[in-house]
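Naming follows writing order (A, B and C), and every chain is counted from residue 1.
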């Protein structure tokens, strides 16, 4: 009967936990709460850090510290490269330990906004791998630290600061809040052993789909790759220029893309499952292509074919192709969280990642298009980039870049995804 | 050990179950708590054992106040109707459980279990599993386990009611012989008047949370204090009347009765009614019911509108519709004061 | 007679084989995919094999073994705490009346009623304020919130079906409440404790979003390693992780089963 009290208390504790868990969803004004456990300590740390300090001072401050790098953990090649190439360089050169944490951007955003809501001045995320809509929302919600890229020596040394992709991320001004990390571009993929054609535009794609009826599809929007694929088709039909300063208004967007919508509905008839449904992810589409269920797939990684052939996932006869008018390309970036515990270390690490050495290694190992400006490289550095063996079934860097179309402003992307769901699926 | 209940009242979920119970049990005595189901007799047992707390009153064990002693230290052991053997233990483990709780070592535990199994005539059953036992065997194991706890008061809660009738007699004898051997003060809860009459030194008749009568089996049967007690042992026909100067006078008949003056009810049980076939008898046999050893006769006196029942031993030549004379056995008549 | 018996068992046997097949077939496919690089339709067997998935999964940077060991320990802790708290709460709910009992019954279901992400975001803010975010304790507590409804419900049904009769019998035989609980009630509850531990273990072991959010990436588990690959559609690496997931969980379940049986029947083995 001693149990009576004990178990009742336990039950009440659980209930309390559940209550706090459920009740705290109501957002509170962040201004009212700053109960940090050790405010003096946190202040001491932040007083010490001065983003305007001399870079050498930052390097000195960062010595012996740990920098956490948060980003998607589903790319084994990138995980390996970060851990086995970048981390040792940072350790050796700056005595910085790089802690690579696999986390989806959605969870990173949830974590940051939760920390902001709770008034946590020092979080655990330093560097975030980010771009597009996510950059837009984090910057708008004051979750990012900056401006900082203008203070990095390697920005001046290697980056073309007048490049549109350095100034704008999906049309949204970067204002030195994120540093370029790598370049991506939509490419189409099929197997020359299965189909001879490589459609050069949307008309040829339609013919291709007719010929291989039921063996072409694309990932359902808002899948990242599926969304970029549809934007590429829209650009081919109605051009890209008009979108750059378009009002984020559904009616306006719909009118502008109406011919493309008609095309997509026409295309549906010949797609896998007659366009009534679409695979949910680009992974599924790619798996179906690997299994021979589809004759074509697409990727936002321009060199994925070479990697796939090396891994034995793709046949040797698989190849990459583009539309004549080009495909959308974007840059992905590194930002620093506003409540990052190690801002000095983050700046030093990011500075190193945009160096010619690390960018070249990224190009070699991951075949990610570099963000450094070729013109700014020394002849030795140029030679290193030129030497990179891109592998089989891919297109050279200059062909990709010459057919690279700018991404739409971030706020148009969800509108197009919404229209697609209403006007295209199953129509 | 001597047991005494003083003014015990128990309320369960706001219902009064026991109302000011007073009961004294002598050391080594065998007492039956008799009553219909729901009268509070099981609650009384649990209160004595300390697993129900009384709202008022005190319990004394061996003359000492026991109210503050928790159930597991009272040594008042209950054997429940459903035996409650621990299903995850063998027979020997069940029996030695109380010993283990006392800190007895394993060898001793086992020796004692084997010894007690012999007492309950289950020699060689020590390694059996509970689900391999019959009802009677389970009962014996439960008894042995209760004895292992060295109880100062043994509390039996309807222990025989789930057994076959044939088994009951054996079990009653076993319980009585063990009670005699160990000289344990024992309280038996039962609703069976025959069980109470044959087994106990005294019977406490409980009705509606109160003790109506506490007396020896013979007294309680022959001199019930009220109709409730009287009816419980054997029903009959009541005849109202007065006793004046050792004579019971009613509208129907007058009898000798050695009682104080006052208003009385005379209980006429079937065994007290003797019949004789007579052509001019004043009772008519309405029905004749075969009851094995006996016949039950339903009689009616048409003039006086009195209905009686009579039990007579077979064989009889009386038939349905016959007229009979009735004679009352004075020794078997019961006078209950009003 | 025996002929008849075997005949009547045929449907049952078929049924059992069918169940075994539905359990084993996916496992076989997991094993095949772990070593497969290409398996185009309509081939019955993969056309090319590689050790890529195993190489990646066991690569030093992935830290598989330390992560696996710490996830197992984490989930075991959760399972144990969940079973303990679940048993106690179930007792309180079944046997005692106290203020707010009905509310607690309802609230134990709350995490399953409120959508997971919403719940996680809410609890995240609370945990940051309580300095529980990004800590192991925080992850254990948040897992418990998810596992407890299962544990409480499993234990509640069992507790009310066992009732208090055996315990009362033990009291009057001289066992203190604690001893009667340990020697009598707990062994009787053992099947429920095992079921509730299994349930809690698997719930905890497969938590992805909550672990990531409350653990802040600092607490790494097999799920936080595995899920990105499954989400990406990498069947080889996904299968390799899933295989490790299934095999480690099975091993833990077998161990739990043995340990709990041993503990609950300890008396018997000692005495015999």
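Just so we're on the same page, a residue touches a chain if its C-beta (ideal position, glycine included) is under 8 Å from a C-beta of that chain, and two chains touch if they have at least 3 such contacts.
Predicted, not measured: the structure shown is a model, and the values here were computed from it.
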item	value
Greatest separation from chain B - chain, by CA centre	A
Central chain (by mean CA position)	C
Centroid spacing, where centroids are CA-atom means, of chain B and chain C in whole angstrom	54
Averaged-CA centre spacing for the pair chain B and chain A, given as whole angstrom	86
Chain A and chain C: spacing of chain centres that average the CA atoms, whole Å	34
Multi-partner residues of chain C (at least 2 other chains)	177
Contacting residues of chain C [partner chain B, same complex]	165-166, 168-177, 179-180, 183-184, 187-188, 264-265, 267-268, 270-272
Residues of chain B touching chain C in the complex	49-51, 70-78, 80, 82, 84, 86-90, 92-93, 96-98, 101-102, 106, 109-110, 127, 145-146, 149, 155
Residues of chain C defined as touching chain A within the complex	37-41, 48, 50, 52, 56, 59, 61-62, 85, 88-89, 91-93, 95-96, 98, 100, 103-104, 107-108, 110-111, 114, 117-126, 128-129, 131, 133-134, 141, 145, 148, 177-178, 181, 209, 212-213, 216-218, 224-225, 228-229, 231-235, 237
Residues of chain A touching chain C in the complex	1-4, 6-8, 10-12, 14-15, 17-25, 33, 35, 37, 68, 70, 72-76, 79-80, 83-84, 101-104, 107, 110-111, 113-115, 117-118, 120, 123-125, 281-284, 286-287, 290-293, 311-315
